[in-house]
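Quick one: this structure, given as structure tokens, is what I'll be asking you about.
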Amino acid sequence: MTATENPAAQQADQTYRPSTLQRFLPFVVAAVVPFILGATTDDLNFWWKAAITIAILALVARLAWKWTPRGELTHREDMRLWRTPSDRSWAALTMFGLLVLPFILASDFTPPMDFPWATWFAVVNLVLIFAMGAAAFNLLVGYSGQISLAHVAFLALGSIVGGIVGVQWSGGNMWLALPAAALAGAVVGAISGLPALRLKHLYLLLATFGFHFVMMLVWREYLQEYFGFVGIRFKGVNSPRIASWLHWLPGIDPDENGEFIITGQFRWYWVLMPITVLSILFMVNVIRTREGRAFAAVRDRDVSASLLGINVARSKLMAFALSSAVVAMSGVLASFYIGSRGEDSFNVQTVLNYAIIIVVGGFSSIQGAIFGSAFFWFLPEWFKWAREELWFVRDIEFLSDYPSEIDLAIKGFLVVIILMFKPDGLAGMWRDFKNWLSRSLARRNP
Amino acid sequence: MSGGGLDLRIQDLTVVYGGVTALDNVNITVPSGGFVSVLGANGAGKTTLVRSITSLLYLHKGRVRRGSIVLGGESILGKKSPDIVSAGVAQVPEGRKLFPNLTVKENLLCGAASRSDVSGIDESLEQTLELFSQLRPLLSQTAGLLSGGEQQMVAVGRALMSQPTLLICDELSLGLAPKIVHRLFELLTEINETRGTSILVIEQNASLALQHANDAYVLELGRVLMEGSATELKGNPMVQELYLGGGGEAHTSYAAIERPSRSRPLEHGQRPPVTES
Amino acid sequence: MLLAFGNFTADPSVNLQLLIGGLALGAIYAVVALGFVLVYKSTDVLNLAHGEFLMLGAYFALTFLISENLNFFLGVFVLLLVMLVFGLVVHYGIMRRMVGQGFFAIVLITLGIATIIRALLLIFYGPTERARLDLLPQGSFEVGGATVRHVDLVIFGVVALCVLLFFLFFKYTRLGLHMRAVADDIEAAAAMGIDPDKVYAMTWAAAMVMAGVGGLLFGHVTGAIDRSIEAIGLRAFPAAVVGGLTSLGGSIVGGLVVGVIEQFANGHLGTKWREPVAFSVMFVVLLVRPTGLWGRKDLERV
Amino acid sequence: MLNRWLKLAVVVFAFALIAAACGNDDDDTPAAPEPTAAPTEAPAPEPEATEAPAPAEEEAPAEMTVPDNPDNGVTSDSIRVGWMGDLTGPTASSQSFNSHGSEAYFECANRDGGALGRMFDYLPEDDQFNADNAAINFTKLTEDDKVIALVGLGGSHISTQLQPDIETLNLPVIGPPQTIDIQLEGDQYFNNLAHYGDQADLAAGHIGATVGGIENAVVMGISLEVPSGTEFAAYVEQSVIKGGGTYVNTLYVAPGATEVTAQMVELQSAIDDQGVNYVTLHGSPGAGLVVMQGMADVGITDVPIIGIHGIAANSIWTEGPPEVSDETFGIHSFLTANNDIEASAMMEECASLAGYDGEHLNLNFAHGFLNGYVFHQAVERAAETGELSRESLTEALKGSFDTMGITCPIDWSAFPYHSQCGAAFSLDAASGGMLAANPFAFYADSFDGEYGIEIG
Amino acid sequence: MSDPILSFDDLTVQFGGVRACDSISGSVERGSLFALIGPNGAGKTTLVNAVSGVYKPLPGAKVQFHPNGEPIKDLLSYRPYQIARLGVARTFQNLGLFMGENVLTNLLLGRYIHEHTRLIEGGLFTRRAVKRELAARAAIERVVDLLDLGAFKREPVGDLPYGVQKRVEFGRVLAMEPELLMLDEPMAGMSVDEKQDMIRYIYSAQDELDMTVFLIEHDMGVVMSIADHVMVLDFGQKIAEGTPAAMQQDERVIAAYLGTEVEV
């Protein structure tokens, strides 16, 4: 049944309907402007750049807000990822932010009070990698309800595949390693998900935790056998590069030796950001279509789900496979970005770190994984800076005597406090904030 | 035994779970030594009522938005459930809710959790076993293995162990043979009469409840639909139709519903092939 | 040599020594598993911080028994008292508000607690490792060519005593009865006038005291007291699961079984096989009997 | 409705303008370096000739200046130097002493006036032995703080991961806490700790001296089950066999193990069957204690132990079972303050100045302390070229340095740049510090520069 | 002219020592409205659970489903999800809805068996996936219209009143377009008006969508007015079966179901 047949939709047609051009324009502006800014304003004073950025930011959000369909949505409109004015303006802003961020961070801006500017670039890149892995983890644990602690095993699997395919076979071809890792992750993930057919909750958690140790055994054997004492080296000669037949692409200016090596935070950002965004988008798409709905149904009531015709076993395994595939891919990215992987990268603490990330971010949403990883990496850096530069913090001797210890304690306290008082985490806070914002805006613009 | 039960007054009680209102402005009074029954179908809010009185809403993320619950002149709203039990309210929960891994004796002793007089507890245990003499040989049996009727007896006995002044029975008849239910209700009447304990019975089985109670309330969708003496309600045609299995005139109202004419053609979707497993 | 196997040996005294070592290790696992079981049984919380609690116990033992040089019994009393108070703090400060939250959220809040404990220990004790405790009888004797430490026997005794005490406590005391009632059905228990809050608090206090005992005992057998000993919490999972997470006696049997299996895997296959083998055993038990060898089975109805 | 947005935009613009105006004032300072006067020819004191405790401060002539080089951590009032490592992670118990040592040195040096009219700005960064943290810390130190050099550089996997970047940045690294093969490939690493291969040779030499000739030695290796453990065991095996001794086997201990019953069973049977008379030990102090306690438990108290530098920590002797630790040695390349060395008093004083009283008796502290001292000398030597930069510092490091007796004389004039000395240490009960069993010279023969084992 | 769509024979379900259903036999005529009544705990829901594959009956039982124009299927050899795909849909007494999701999502789950979007297609949001999603939503729209759920489409189910939740669940099984609709107390907790509405919806399902209805209901008035055929259970046993009128007269039914009323 199309919109015209639907009386509710007919009525809706009388309300505001922007043209296609209008609907896409904010996103186009968001996509294009940063490049123009980045390309043309190198010589401008940073504050001018900031001013222009903020102005455009306001404009993009404004347009996105204005040019959103109002009233009863047709189903086609309802299926859009961003349908409400606030969704759309936030999406456009996020897009703008993601595109403009590398240019800002790569500028030689010296922020006041020695705010560590370049460090944030490294942090942002790590957040991207972690967000991808954590989102996949949250898809499995939070969204599909299959409590698993095996995801770090899949990071290791990603590194192993990266080592075999990306380093041994192809001498630094990350582009080959990524799909290979996804494939291996999906297959091994489905296998590691088999216990989920019989076990639930705590018992599944423990069973998957066992899988972690088995994978570590494989890693240990494999690593020493093929790569020697120092671990797999993904950097240097093995750094990923853009194939020469792609050098015509704008922005790809090969180095003197005729190669375009992906190195440095700026280049890595343009590799990590699209892959992360696309894989998260993929997962979000899965969630809002048939199989994703089945995941949620299986999580909430598996008996009820099976009586709707959902093959619960298959659905669970698919959730495991999808999650593991993405986690393995993030494992490849992390390996190549960091440069080497050792056993220490996959210890139990890492397992727990990912768990902290998704809980702090918000258990119920993929978005939470992004917030969580940002929180996880930003916070210590911010503390570090605050301890060094903020006078009222710097003067507390206890803090400067035990900097890292106190970071650790604060991390623990925050986890406890968030879980106690705001169980839906940062994503929940963000939702509340957005609701409050749209409500107060709606009150003013009736 | 304590003489004279306490009276319970529920006024304007509104209870919500998340955004859903489960009870809406409910007023119910159990007079001292009275036998009151609350009737209602599934989802009418009966169990919510019990949870509100015994302060167990928090376990189900519910909360009282408005109203008061007063027991013997003292507000019990917001008190903790152990204090409410100490104040004299005992309940036989819906579905019995015995402790399945504990023995019958242990179950009964748990009923006396709010008391500290050791000799008194022994005495109560003896009295309970006199009341339910069938339970005596079963004392060391694991409660989960008893039959439904026996379990319900343990549940009632367990509630009596706290020497309540107000006994709340939630769906006592659920899943039990009429004979046993009848026996239980007779016991309740006996307790009510001999000990003066106020009794509040929450029931789907209206005929039973109305037969034994003095006053009754009909709860529907979280509101009190009707109230009055049991005999009054028994004669009410609407109650008869709703709960007493027909006989009233309202009965025909469903039969009169027209079948819609066949207006739209069918479009069956394609079903996926299913292989035998 | 993808999977390098250690040298197999048929020497009976070697196997005897491995058996004894396994039992000694298993006794420690049993102490830890007992802590898991106590908490899980009555509050349905999987306490990932138990290893940290144990570490806390070991460090407190260092403070009270070595640094402060208190009389042994007084020191142990103070240690257990402090742990008990700490348990109450954990319950009233944190866990109380978590009733009714999702399973994973509660698991993770214990992780938050673990992180805090780790940080505090680092601040107050520093990263340097300490020697093991030596207050219980030291020394050893030989049985058939294998060495048995006196400490291990003490640990066996203490663990058995603890289980016996808990058993008696649960069976014959009112509070124990109430704890079991809450474990069976919290709502019904609350309806009977049992304060679940109080019962939970007692549970946490008991678990923490158990961790104190565990820390004291573990402090006598571990090679060094440092921050890595919290890993005993994770390594005891298989023991707790094999025994059944709801059974006190099961935790002893599970602990011993897993301890011996680990030790034989370590001796005959190589040390890297230890955790994989232990967790594989757990995995098999989970698949065959998800509630463990002695765990109770709850009937699930639609 | 549009009006409101317009207003908002105007306000934002205005705000941005004001901010820009303020920003201008700030940003003017770090302008292009002015063409300062050519560096004075006045030579820095000869490093070798420098008097021990305060190397530069007496001479530190006011006229000896170099231009600022903010991109290389040299500002008008400070010289920034970074330290990377594990302060709260699993290896904190050894690495944190290293950081404390460097910090103590720089505190002292700053008290005495710093160098080149500038203060040392010492920036330790904690990576918790985690590669991801290390990546962030490295970025912070090199791109935000723009340090001129690193003294100390975390675990071996972190060295591996950062090696390409260190090379690209031309960043000198002074005294990483271990020497691995990958560092020997680079031109930027200046190790003052002996290589694993040399340490294994040294161990073999020590064993030979103890049992009356290496050919009499029957050695069992015990290693932590990490790649470096395998590596050390392989070197030991190579050294022992080369000398004509017998190497029985390597036993592995899992990281975080709390007991080693099974390993001890195997060790005992090897002692019984093959007559093992020496044990080499690899691992952290914690793991070392676990092994030693395990040996004490089964009564293996008469087989001496020699461990790598990780084992040469005071806690091994102060906390370990005395019946085992009295025959235990740890290899290290430094001397602590209780040895009769020039720097003794200074190390003690600096340690307490920095708030680390008593830590001057720790070998890792001495290591960190020396790193600071070598850096100080190199900075002054680099300044002689008229420019203080990573490049000039790297060049300056390629030479010999005074060590105040903390280690043997450093000579990095020829590749590879790593220490050529070491000794077997144990605790000196009287002073509470570490004492070498024999002087460095005794082990000098062991440093043959042969290492690099291929496995697989 | 007997054309049973569902027949079950000697169906026994046992929990521990309790026989929740004790060798029950019966059959449901195609296109009819079959009602199953009995006091609480009589085993009605257990019977439905056994038919829909949730519980395994003891061996010897036989459950046959005869879809229109297809061979007879032995339901006991299928898993629950396969039974649903064969065309047997059911609702739950205590609501099998997904409370956190909105009405639309819950209804769309009812279309699961008719949509064929694969995981990858969904993830890539291909044109085909969008087309299928739109088709599913169009089908949902029909159900929404039929059940007057338009006002609640985007509300989370958990926030809706009980009566509406019941309607959503009914809508979800309608969206599955089954041939046999098993409704477990669809009118519990509803007011008289709502019950009347629900009966109209059931009629629609029966007449417009050609579904056979298997109804468990507590309200005698409803059952007596709308059912074609009534089966009465008590304590897991079938005690009577026949037309509603006959059941109202049956002594055993009155004794068991209306129990105490008679005794007085």
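Order as written gives the chain letters A, B, C, D and E; numbering starts at 1 within each chain.
Convention: a contact is a pair of C-beta atoms (placed from the backbone, for glycine too) under 8 Å apart; a residue touches a chain by one contact, two chains touch by 3 or more.
This structure is a prediction, so every number in the text was calculated from the model and none was measured.
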Taking each chain's centre as the mean of its CA atoms, the one lying farthest from the centre of subunit E is chain D
From the C-alpha centres, identify the chain that is farthest from subunit A.
B
So which one's got more C-beta contacts, A-D or B-C?
A-D
Of the chains present, which has its C-alpha mean closest to the combined C-alpha mean?
A
Whole-Å distance, C-alpha centre of subunit A to that of subunit C, is 37
Could you state the distance in Å from the CA-based centre of subunit A to that of subunit B?
51
How big is the gap, in whole Å, between where the Cα atoms of subunit C centre and where those of subunit E centre?
49
In whole angstrom, the CA-centroid distance of subunit B from subunit E equals 28
At which residue positions does subunit A touch at least two other chains?
220, 225, 303, 309, 405, 408
I need the residues of subunit D touching at least two other chains; which ones are they?
87-88, 225
Mind pulling the subunit C residues that touch 2 or more other chains?
122, 231, 272, 275, 302
Subunit C-touching residues of subunit A, taken from the complex the two chains share
141, 147, 195, 198-199, 201-203, 205-207, 209-211, 213-214, 216-217, 220-222, 225, 303, 348, 352, 355-356, 359, 363, 402, 405-406, 408-409, 411-416, 419-421, 423
The subunit E residues in contact with subunit A across the complex are 52-54, 79-81, 83-85, 89-90, 92, 96-101, 104-105, 108-110, 112-113, 115, 117-119, 121-125, 129-130, 132-134, 136-139, 141-142, 150, 172, 176
Inside the complex, what are the residues of subunit C that reach subunit B?
99-100, 174, 177-178, 180-181, 184-195, 197-198, 296
Mind pulling up the subunit C residues that touch subunit D in the complex?
6-7, 9, 11, 14, 17-18, 20-22, 24-25, 122, 127-132, 140, 147, 149, 218, 221-224, 226-229, 231-232, 263, 266-267, 270-272, 274-275
For subunit A, which residues are in contact with subunit D within the complex?
45-48, 50-51, 54-55, 58-59, 62, 110, 112, 114, 116-119, 121-123, 126, 220, 223-231, 233, 235-236, 239, 263, 265, 334, 337-345, 349, 377, 381, 403-405, 408, 445
